[in-house]
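Two complexes follow with subunit A in common, the first pairing it with subunit B and the second with subunit C.
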Partner chain A sequence: MPSAAFEQSLVSRIQLRFRRSEAVRGYTLLSPTLTIILLGLLFPLMILVTLSFWKQEYVDLIQTFTLTNYADFFRKKIYYLILYRSIRISLLVMLVTVLLAYPLAYFIAFHVKWNKMIWIILVTIPFWTSYLLRVFSWKVILGYNGVINSGLMSLGIIAEPLEFLLYNPIAVVITLAHAWAAVAILPIYVSLEKIDRSLIEASRDLGESAFMTFIRVTLPLSLPGVIAASLLVFIPTVGDYVTPSLVGGTRGIMIGNIIQSMFGKALNWPLGAALSIISMITVTLVVCLLLGATQLFRKKVA
Partner chain B sequence: MSEVIISINNVTKDFGNVRAVNNANLDVLKGEFFSLLGPSGCGKTTLLRMLAGFELPTEGTIDIDGQDVTLSPPNIRPVNMVFQNYAIFPHLNVSQNIAFGMRKSGLSKQELDERIEQMLELIKLPGYGDRGSNELSGGQRQRVALARALIKQPKVLLLDEPLGALDKKLREQMQIELRLLQQQVGITFVFVTHDQEEALTLSDRIAVMNQGDIIEVSTPGSLYEQPQSRFVADFIGTMNFFDCTLKDFSDGIAIGEASELGSVRIATPQTIVTPGNDFTLAVRPEKFSISFEQPDQQYNSVLGRMGPSAYLGDRSHLYVHVKGREYPISVALQNLTGVLDQMYTTDRKVWLTWSDDSAVMLPMEG
Partner chain C sequence: MKKFNRDDYIEQLATGKMSRRQFNKVLASAGITTVMLPVFSGPVNAAASDHPNVFTWEGWDANEHHGEYFEKYGEYPNFSIFGDEEEAFAKIKAGAQFDVTHPCSYKVEIWRDAGIIQPIDTSRLKYWDSVIPSLKNIPGMMANGDNYFVAADWGLTSVLYRPDLVDEMYQEDETWGILWDERYSGRLSMSDSLIDGVMVAAIYGGAADPFNMTDDEVEVTRELLRKQLPLLRYYWTSPTDLENSMAAGELVATSSWNDAYTALKAAGVNVKYMNPKEGAMTWVCGFCLMTDADPAKLDKSYEVIDAFLAPESGAFSILEEGYGHSNIDAYSLVDEATLADRGLSRDPEALLSAGIFQVPIGNEAALQSMFEEVKAGL
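Let's turn to the complex of A and B:
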């Protein structure tokens, strides 16, 4: 039985250690997040990895190690093609979103003199409605009897409704780009806002035009925001299945739709798991490539 | 020799309802170290930014090197600027910062590298080329900002309080270096500062500004010894002011009568008022002589009582109370011997005297 004095000194020693060590304090601060990540991300991921090495036979899960699912991915062209298409669509969404977001973020950061907060709030307004609702509204706009078609018809510009508006990859890109706009605008705005205005003046003073100042100073300094925006848009849209299933049609199917059907109607969880893992790895690779490319760009403008 | 390089003609700048610069007229000569001096908000930085092209004048014209640049954008003006916060590009290293403005110089990579090396020598940072901009101290950033501007070989270098962020010792060292550098490269410097001592140390000529107006343009010596207005006399250094009435003026000697001082004599080629009128007499603290016995002279002397004193090491500031005067007279004394503390005890009676040519006549104000 330890004495009270010993307990006392133990407590104070722990306290002292806590106060002395920055690392201990840091981990304490991290612990709630770490717990959630461990429970909510790492365990499901491990289950997914395990699952991907099992096999489904009708309704039974065969719990022996096999690479069949991965082999299936490379054997059957359809999965590979759809993953490739998903990456392409997401890269396009990322490009469109960032290109549309940058000028708006630039405007708010450099040209709005007061009430910037109002502009920021306005930017987030689309987020106030449900994601599903926003996708549906695009369906209403782009549809066969939708806003654009009926508008153009009543103006007499077209006789028949345009059929290429909905149920294709472009409709997916438009819808996703709109849905993720705010996510792209905010980090770009923050990185632009942080740029010291005297740096821009210095560049002008050293003989560069407004355009070259943008290329050599503003853009490189806002690159962290652009990268953050790109990743924030690209990564989640690769796996999106709501938008493609609502506005994508058959030509707009993405990997998320396949994975969803594997865990649903197709009832092949191991294959679904394997596809998830593969698309996760692919996304990681593409992100690494993107980061490498920006590093290269940074060196080039310097 | 005295060729005009910058000519500011009737320049006015309004920000909304606020007039930052009011009808400024100024010529800066080639090769000159010219300072714009004034309290904060006096318009000196606005005037400098109009020279750089970051602000456009509301009225008036600016000529640089014979060209009207009033409305030219900053990138085509033959001037470069050293910013108050130095504005070192954080994404570039020291060499890249210095080379920033040389993209269109037409120099080969090798020639440019040589020039950068020369600039690094000039600013005494050889071998610093590969350092990241965030690895530099304040003084080093300032040097890099200088090199980045000087490599462009501008007609005029504009400096916006470049020493303000440095500590006192480093600032004094940089002042000397800046002055040497300017003589070395022979470029016209226009220097903005609120620090009068700094302006006196560095400048060939100084324009004193207040509330958007250029009050006086002159050499440091003449601004200090012969200021033309009470504002300048007060802003630069310390000055004692006395209300005076002019009695007589002949042969370069003005005789006046001050209620606090009695009879005064001022050596001056001409007077600013005619006899019978009032003026302000101004005497610097260091112009006074102090003694414990009554001097022989009937003028330029006053009896006082010792007030508080401040010991500053190389010199002491004494405050002497004079009958009928609200504030004590400020007297500065070189500490030639080490016995001041005992001699100048509070309430001791002292006589202050000064010479004819050490007092200045100023017009009455307010």
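Let's turn to the complex of A and C:
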């Protein structure tokens, strides 16, 4: 039966082609991740985009295309003001976190000779408890009867508890900087660790001071880690709403709180969706600006 | 296929005898099992889901409120907890299924308009006849002759303050104005909500009907809230925070429900609960039947409501939680002195009618965005 033989060879040829094609193999390998991204990210994002072009009237969603929500963002001062404030707070958090993380990462990479792993594990300790618990523990530390206040009072340094510690934007920055510390330390450590030590020796041999060696060799070579750390801290903190609502007081509200209120108290899901989209776009723009700036810096140094 | 044996598997794995292909096979089957688990385990869990899904406030799931239900079935209903009605509403709109929910009366109208609750047949409730008469006729609970709400618990929103830390005059002249007193800047708090926060400013500002303000009255309210913002330590969302701050003296006065007063007094803190001259607010919360309630659990859903309405459950509210209860018989289980200490009496009708009763807020959306703007410092 020639036809059967032909069929068989066709099937095996297709199978062979299938196995050999790198693209197919690649996608097969990627498929679990792709499925999750598709279901867990792209699909909800599409819902969000659609929702942002609808309109809320009392309890009903008016499902006709409208730009009202986006117009509202520019018409009412509150939204861009809060978005601006959130980005400012997040940039500050990013700066503080990276500035605090760099020396530690530097220390682990260059000065810890034995048991580096233990140091790395120690760095991740804040991540062993839940995010909410970390925020709450800052409430306990900074609070009116908190660790700092009762400590200072028992030492007789202050008579009345300091009230400026908690419930303001500074408390938000402190809490977030601690909560995201490990996320900043690890990438910086990795990029510092990768630096070829002979380059640093060469720089010193050629007469550069320790400080200039750091500026001209170590820092530029560790920039990828610094950038990664900055983005990893900046992007998630812009949308954070738990921290500001727990320690931010009346002055520390961020865009996440407004979005949350739109999906809850204010019962305006479309406006909430539009605000989410706008803040995502804004974050992307700020990230592009940051990347552009570091590119410039790199060219200048090199 | 060879039957899977756990010990063999571990043995092979430990001695390194397992081929890569075999290992992958085991991993794959474990993966498939995990993925399919939610699909196939549904009917197996049916026993636990025989009971209605009750969506309520933290604390109202206490065993004492569901004693009669437990006596009959030997198990408690399935509880889920919400922080406020808006959160509950968002979850329900997003598709969560519940049989019975526990909103406050001023939300019933919007919930009905949103189509998420169904009429309740009060003749199926054995304690309906004992419900305080004025609580059977709350604005918004009836529509087209149908009843959508069964009152269960009630309380006050008023000023909670520390008499040892504020001017003595406030003990004579009880007023919401203490929350605008600049001498206590940074040591005041307000509820982060329309009904218990913004409405306080409306009442203090002298709005004729705080729940239906004219444009001028809204402006007065906005100005008051603006003036108050820099004086506040924070807008409170959690009664626990509030109680801690009041006990520590971090706050000297705040808007509050009666529960914080009862809890702080029990803890021996020197606190007083005002009866402001502008009027305290009274509120009622209770039960609604959801539109997508499981018809097979309807009888039990009514029994959940009945159990909560029982006098013993009411006495627990009054004694332990400091709230009023809708069952008139609950009050005779508590002695007069305790009632007086809780700010209640054998005649709850008088108390209810003395306060400003919380009803649905007109133009809620505009007021909410006004409040957001004030909070943003505009």
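Here is the rule we go by: the second predicted complex is superposed on the first by the 286 of 302 C-alpha atoms of A that agree within 3 Å, B and C clash if a C-alpha of one lies under 4 Å from a C-alpha of the other, contacts with A are read in each partner's own complex, and residues count from 1 in each chain.
The criterion applied here is as follows: a contact is a pair of C-beta atoms (placed from the backbone, for glycine too) under 8 Å apart; a residue touches a chain by one contact, two chains touch by 3 or more.
Just so we're clear, the structure is a prediction, and the values are computed from it rather than from any experiment.
*Asks:* After the alignment on subunit A, I want to confirm one thing: do subunit B and subunit C clash, or do they fit together?
*Replies:* After superposition on subunit A, subunit B vs subunit C: fit, no clash.
*Asks:* Who contacts more of subunit A, subunit B or subunit C?
*Replies:* After superposing on chain A, more of subunit A is contacted by C.
*Asks:* Check whether A:82 is in contact with subunit B, with subunit C, with both or with neither, and answer first, second, both or neither.
*Replies:* second
*Asks:* According to the stated criteria, A:258 is in contact with first (subunit B), second (subunit C), both, or neither; which is it?
*Replies:* second
*Asks:* Determine how wide the angle is at the CA centre of subunit A between the CA centres of subunit C and subunit B, giving a multiple of 10 degrees.
*Replies:* Here the answer is 150 degrees.
*Asks:* Looking at the overlay, does A:245 come into contact with subunit B only (first), subunit C only (second), both, or neither?
*Replies:* second
*Asks:* Touch test for A:193: subunit B only (first), subunit C only (second), both, or neither?
*Replies:* A:193: touches no partner chain.
*Asks:* Tell me the contact category for A:205 with respect to subunit B and subunit C: first, second, both or neither.
*Replies:* After superposition on chain A, A:205 lies in contact with subunit B alone.
*Asks:* Rounded to the nearest angstrom, what is the minimum C-alpha distance from subunit B to subunit C in the superposition?
*Replies:* 38
*Asks:* Check subunit A for residues that touch subunit B in one structure and subunit C in the other, and list them.
*Replies:* none
*Asks:* Note which residues of subunit C are touching subunit A in the complex, please.
*Replies:* 84, 86-87, 89-90, 110, 113-115, 186, 193-194, 229-230, 232-235, 237, 245, 248-250, 364-365, 368-369, 372-373, 375-378
*Asks:* So in the complex, which bits of subunit A are touching subunit C?
*Replies:* Listed in rising order, the residues are 58-59, 76-78, 81-82, 143-145, 161, 163, 167, 245, 249-251, 253, 258, 261, 263-268.
*Asks:* In their complex, what parts of subunit A are in touch with subunit B?
*Replies:* 196, 198-199, 201-209, 212, 216-217, 220-221, 298, 302
*Asks:* Under the stated contact criterion, what part of subunit B meets subunit A in this complex?
*Replies:* 52-54, 73-76, 79-81, 83-85, 87, 89-93, 96, 100-101, 103-104, 148-149, 152
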